[in-house]
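What follows is a pair of complexes built around subunit A, which joins subunit B in one and subunit C in the other.
== the complex of A and B ==
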């Protein structure tokens, strides 16, 4: 490999890292819902794409600046998150994880079909901020839209961590995730915490959907399935329930995906990501930041 | 009439797929890799009959063995993790297998055309049934014979000690372990049996569709595979059959007149079904009341 190839490889890793912030946000969403409810929400990535579509629908009447579209996506994400909780989680017995798994699969199909139904399955252009800006660093270029996505993703993560570790809601959420019964005895309303968790993760998901839409340049219902797979992989590589793990794993997966695409082409790209996941499962099943054994 | 025969074939093959997931779900593991075992079975059986000109039964046997071995090999590393981690691990394995077939080309020249799997274009010309003069009806009978055999075996397994062990592991792993049950052996054998059944199903699937490609074995097929037993209820093999008839027969074919709305209804009905009957259509209580209804006369005469 000569120098020119090396520059291209580094360039693709940089692009991938910037895009990886989307995966990191999705990974946080999956991990938080799992942490609080001990249930899998397979419809999460579809709901995120749905929220991005919702923002386009909400602002279809007038030409809004891209930042407003992003905020609308966050709003839609929150609403869809609450809906997902009430439709797919609220009325199903806690002790039956299989039923919840299935209902979120149903929701995944439902959300996907609603998107296809309202847009006739045509991919829609999604606005990006700073898409004409290119920052040059020596031989490398950083695309402005990807950089914006990255910065926005990091800002969301910081805000989210502050929410989780500095507010009453955050304390309640963490309490419920550790000891649901004890926190209920302390006067925390589990229903309220669950709904708010879904709203917060929905907002994160809406932003993640908008970010991937902006980074790719368009939205398509076909995005839901790969994003679900990637989000779950990020969750597992990062260590289930670990938020810093999800962030780092998201960036790693994004960077490696782009590198493999450069080295081996687009058809084999995901194969290597799956192998990475297997390597983690075999050699480090607890993820990057594995919890010490002995805790529930 | 051919339409209904075709539908019955689809239901039969999907029942095999559902039963393979049922077997794994008995030990309360959620495996999204069943579509991958199905794909392995389909490709192996089709390559054997098309390229090596084997007899169908021999090819199905080999595909069942190969899928079972794959499942066994996946079982050991995958069973180190539980719950969500297992779902993701098997999901990733399924996708990896699909991507492998996406990049897999193995063709030989036969006459003027090339036969064999060809990467993204898939595997065409699997013409065993027409070449050997099987009518649609023969194929249908063959498929349902296989379904009946597999269901009978699973029913027997369920009643036997092995089934009790599997259910014990599914209900409470720690308790089962402390009762002296080898949990890993139970889980891996459930996975292997599931792989064997999926391999047979895949082999049949490849031959009646005559064309397979990687996109058919994606996440959607894998979620369908676990949807059948979960919707049908895990207390009985017939629940799976019922759910397959409900989904393939009623939701997919029966509601075709609704056009676009059908797909919307599809997801919504799954959510509704899970909200109303979280333990599946045929749960233990349902079977008990069904028995009461059927045998009510006998009991009252005996009393």
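== the complex of A and C ==
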């Protein structure tokens, strides 16, 4: 590998890490719902993209700045999150995880079809902040919009961790995830916590969808499927239920995906990410931050 | 007496009803079924084809409709089924159409669907050992080269991209003798893009351009920084992108970001559509694309307006669907198609024979030639993106 190749390899990793923050946010959403309800919500990434589409729809009559569009996406994400809970989780018996899984697959397809039929499947331009800014560091070049996405993603993760560890809602959420029956006996409303969990993860998903749209510059119904797969990979590699794991895994997957694309080309890129997933499932099924088995 | 009056009145009423029923029976409607993608990211192609078929049917009906084999005047109507750009669904849709009274179908949108679907048709007419479907299919959008050769029941009204890019590169060599190097970009997993890139590359090399490299990406890819970095390193004078609007725009935006400014941009035929301009007009400024449709003749302008009224937009693909409806009208009349439930297979055979016998047809940009392997030789021109619209850059025939 000559110097130019080395520079390109480093540049690829940097680009991937910046974009990986969207994967991390999606991973947090997947993992939080699993942490609280011990169920996988496969419609999460589709709902995130749906929220980003919703923000464009909500502001279609205005020329709103990008940051307002992101906030609208977060709002739409919260609403869609609550809807997903009531449609796909609320009325399905807790003891039947397969039924919930299938209902979220149904919701994934439903959301996808709603997007397709609302927009006729036509990709829509999505606004980005600092899209014209390019920061040059010697031979390296960092995109302003990706750096903004990265910073916004990190800010959301910090705020989310503060919410989880410094607020009553966070305490209740953690309590329900660890001991649902004991939490209920302590007066915590399981329904309320579940709904709020879906709303909060929906808000995160909305921001993740908006960030994906901003980083790519476009929204397309085609995004739902790859983001679902990436979100799941991040969740497994990070460790189901581990928020720090989802963050680190999101960045790792983003960085490696970009590096493999540079080294092996587009047709082999996803193969190596799948091999990474396979390796984790075999050798470290608990993910990066696998917990030692406890009494819970 | 009253009873007699009532009986006479009833008889008269019955006669009138019978007459009006008979008159109504004269007002027949012949349904032409189109099919293609009306879901997913290429839904817009299906929407445009349907609108074009409906606009053409309306035009034909306004001019008196179509005369069937028994002299009956019939109105044409168009319906459109969704195959979701999926080969299995395309085959299922064509079987559904073939199980009806239909004697021809128009579609599909995607080359991968056409390739599989033409494969289930009988390969050679009259081959008793081949139990393939004996049903004529007339493709409007599926653009991958040479597909009609798969079956004698398959026909296409799509332009020959080989001819178009052959002409374009020869023209580039003449008009821009100072440009020597070219870099390609291709959607590796899409049959049409991949096949056309092969054509672009071959024509570029045959015309003395040096191909410095090729960036590859997938149809649903969203980041292109690695490919564009390689492109920037190669520093080409021309960039030729064989991709559909979604990724074409992604690549053009990334080129803009990374400061890749080639002297000339070339695009894929399918990107000469409104979606590219809606997605990235600024970055696409100047891109040259050969196309078989532009509203440059009075007929083409009127057709574009009619299609727009039907909720679609006219481009090289939907123009083909529009033309197909007029071709079908002529064949129905010349072959004396009956369009009755008891003449279905005979009508299908007549339709196939009529289409196969065509030597040329009337197109929106002029006469369209027909080859022995059931393909079209369509007139074409080069357009370029200028100030947010497609404008004619050059007409090779003029």
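Just so it is clear, the second predicted complex is superposed on the first by the 293 of 296 C-alpha atoms of A that agree within 3 Å, B and C clash if a C-alpha of one lies under 4 Å from a C-alpha of the other, contacts with A are read in each partner's own complex, and residues count from 1 in each chain.
FYI, contacts are C-beta pairs under 8 Å (C-beta built on N, C-alpha and C of every residue); 3 or more make two chains touch, one makes a residue touch a chain.
Just so it is clear, the model here is predicted, and its values are computed rather than measured.
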item	value
Clash-or-fit label for the pair subunit B, subunit C on subunit A	fit
Which superposed partner A:216 touches (first subunit B, second subunit C, both, neither)	second
First, second, both or neither for A:229, with subunit B first and subunit C second	first
Superposed model, subunit A: greater residue contact from subunit B or subunit C	B
Partner chain in contact with A:267 - subunit B first, subunit C second, else both or neither	both
Touched partner set for A:164, first subunit B, second subunit C, both or neither	neither
First, second, both or neither for A:125, with subunit B first and subunit C second	second
First (subunit B), second (subunit C), both or neither touched by A:116	both
Touching partner for A:19 - first (subunit B), second (subunit C), both, neither	second
Cα-centre angle that subunit B and subunit C span when viewed from subunit A, reported as a multiple of 10 degrees	60
Shortest CA-CA distance between subunit B and subunit C [superposed frame, angstrom]	5
Intersection of subunit A interface sets (partners subunit B, subunit C)	113, 116-117, 225, 267
In the complex with subunit C, residue positions of subunit A that touch it	4, 8, 11-12, 15, 19, 113, 116-117, 120-123, 125, 131, 134, 141, 143, 212, 215-218, 220-223, 225-226, 258, 261-262, 265-267
Subunit A-touching residues of subunit B, taken from the complex the two chains share	25, 28, 30, 77-78, 80-81, 83-85, 87-89, 91-93, 95-96, 99-100, 102-103, 120, 218-220, 223, 226-227, 230-231, 234, 260-261, 263-264, 266-271, 273-275, 278-279
Partner subunit A, residues of subunit C touching it in the complex	39-44, 47, 188-189, 216-223, 225-227, 229-230, 233, 245-246, 249-250, 253, 257-258, 275, 278-280
Subunit B contact footprint on subunit A (complex, rising order)	34, 40, 87-88, 91-93, 96-103, 105-114, 116-117, 225, 228-229, 232-233, 235-236, 240, 267-268, 270-271, 274-275, 277-278, 281-282, 285
